């Protein structure tokens, strides 16, 4: 099965390309020359751009934020994150970045992200995000429709 | 016609997505959130990564260099370039970057590159590249097969 | 003489560090590991971030724009640019980026920029910038105080 | 006291600029325009370049690796890391990035890094690094001189 880039992959496509188990959102991309460092592999710092790109897509698809300049759009702020590097990435490798909500509270939620290439897990990133008012005056509750999606699509559970 | 990302587009695909006239190499990608700057559009410096990505692909497809660490692979060095910005790029826009050899000499060649989005030309980049020995001890002639490709596919002519 | 980083260098400092002739604005920085590519030298695309950084500083020091979100601040748009690479840059090298207005018209101006390291010129960038209304509704004239500065400090002349 | 950029700060300089307690290595830099994203603050991914830059400097100063292409230089690989964002960073802010060894074993060590600006802690990064043979054939022990430095300068203790 040909890999489709920059478009959410179906569960079947994910399985065909080695993402096991498949995730709520998975998007493929390809290593750019400018992402390699002097050691000939993808620089550690570049993984964060890949995770961010898929996280932004996730926010759009799940209806959390469209990242357009709207006066009333919530501001998504990352509070913390933990990365694990498992295997280096090389020039021209195809990779798939995933995103899944692992847990959520009233105004914050945790995402679990993975990078897969050639059927092996290359890195994971777990992070905690908070919804703020556009002017940062206070926190915003996660909308009900998003909470429902976290539960029904991602299998995440609310924490108290 | 659906846009296929990160894969060389056929002439028909190029025409369907507004690249006129179609170019020898054209590859589609999509604006990343991390490429936007404070002004809400793609930062001027990011275009050069896009042009480079397609130039590297062109070098691979045309057989000039595979950008893998080989003792005998030629080193492609950019000597100069001229960019023209015509219209800004925004969040999530699909774009197509092209590459075509415009002229060549014994050890150097000129490429003409374009960025298209939504049927309009957003930027162009014209640059001059030189082939060097891996250890930079001297210049290397462009291989005959590449010269033939420059002429027959790109329609470029040798300059003296 | 010790090199002072990220602070405009005096004419004497510039001369002591090989910038000849000295320029209206010159700021020193140092190559970062993340700016090197697989070939072990600074990636071609990174030079544009260096030029931009000094150009932004120049805009602030010359009173053209302070790059803060003000409703009435002009928008500086780059229209075109020409880069010349003369000698590669390596890990940890100190470099000095300069900026000088070369010519100006009513609503546009040309800047000449250089990168120096170890007393040798590594790259130059010549670009044309335009002042626009914040909402891009039209062009803005260069303020008289800036025109005076272009002439008296940079030695630039108005073109018609 | 004037802030000196890109040069290891003395303990007195660190204290004068609000780094409390002072760290074994602390280096100042300044936010670049190209590091801001659409939200007008430094993009989350850019912090990792800042941490990396200081970590590379630390590796050089402590004698772990000089990051020059040597056949026998060890390869420093990052295995995992945890970031905490505490306060956003804005245009032109001066910041200080620190590095300290928190603990070490035979072939791996943990670093604690901080970003300070205007006397407040903006972010922290804790990571685990491993020393590998250049050809990745196996792990390398931390040299005795480096272990001594970890203990005597950083106050780190070996773990078993």
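Annotations
Here the chain labels run A, B, C and D in written order, and each chain numbers its own residues starting at 1.
The working rule: contacts are C-beta pairs under 8 Å (C-beta built on N, C-alpha and C of every residue); 3 or more make two chains touch, one makes a residue touch a chain.
Everything quoted here is computed from the prediction, not taken from an experiment.
Contact count check for C-D and A-C (C-beta pairs in contact): higher for C-D. Using the average of C-alpha coordinates as each chain's centre, C ends up farthest from subunit A.
In this assembly, the C-alpha centroid of subunit A lies 37 Å from the C-alpha centroid of subunit C. For the pair subunit C and subunit D, the distance between C-alpha centroids works out to 29 Å. Residue positions of subunit D touching 2 or more other chains: 33-34, 38, 40, 43, 45, 49, 52, 67, 69, 91.
Taken in their complex, subunit D has these residues touching subunit C: 4-7, 29-30, 32-34, 40, 49, 52-53, 56, 67-69, 91-92. Interface of subunit D with subunit B (complex): residues 33-34, 36-38, 40, 43, 45, 91. Subunit B meets subunit C in the complex at residues 38-39, 43-45, 48-49, 52, 67, 69, 75, 77-85.
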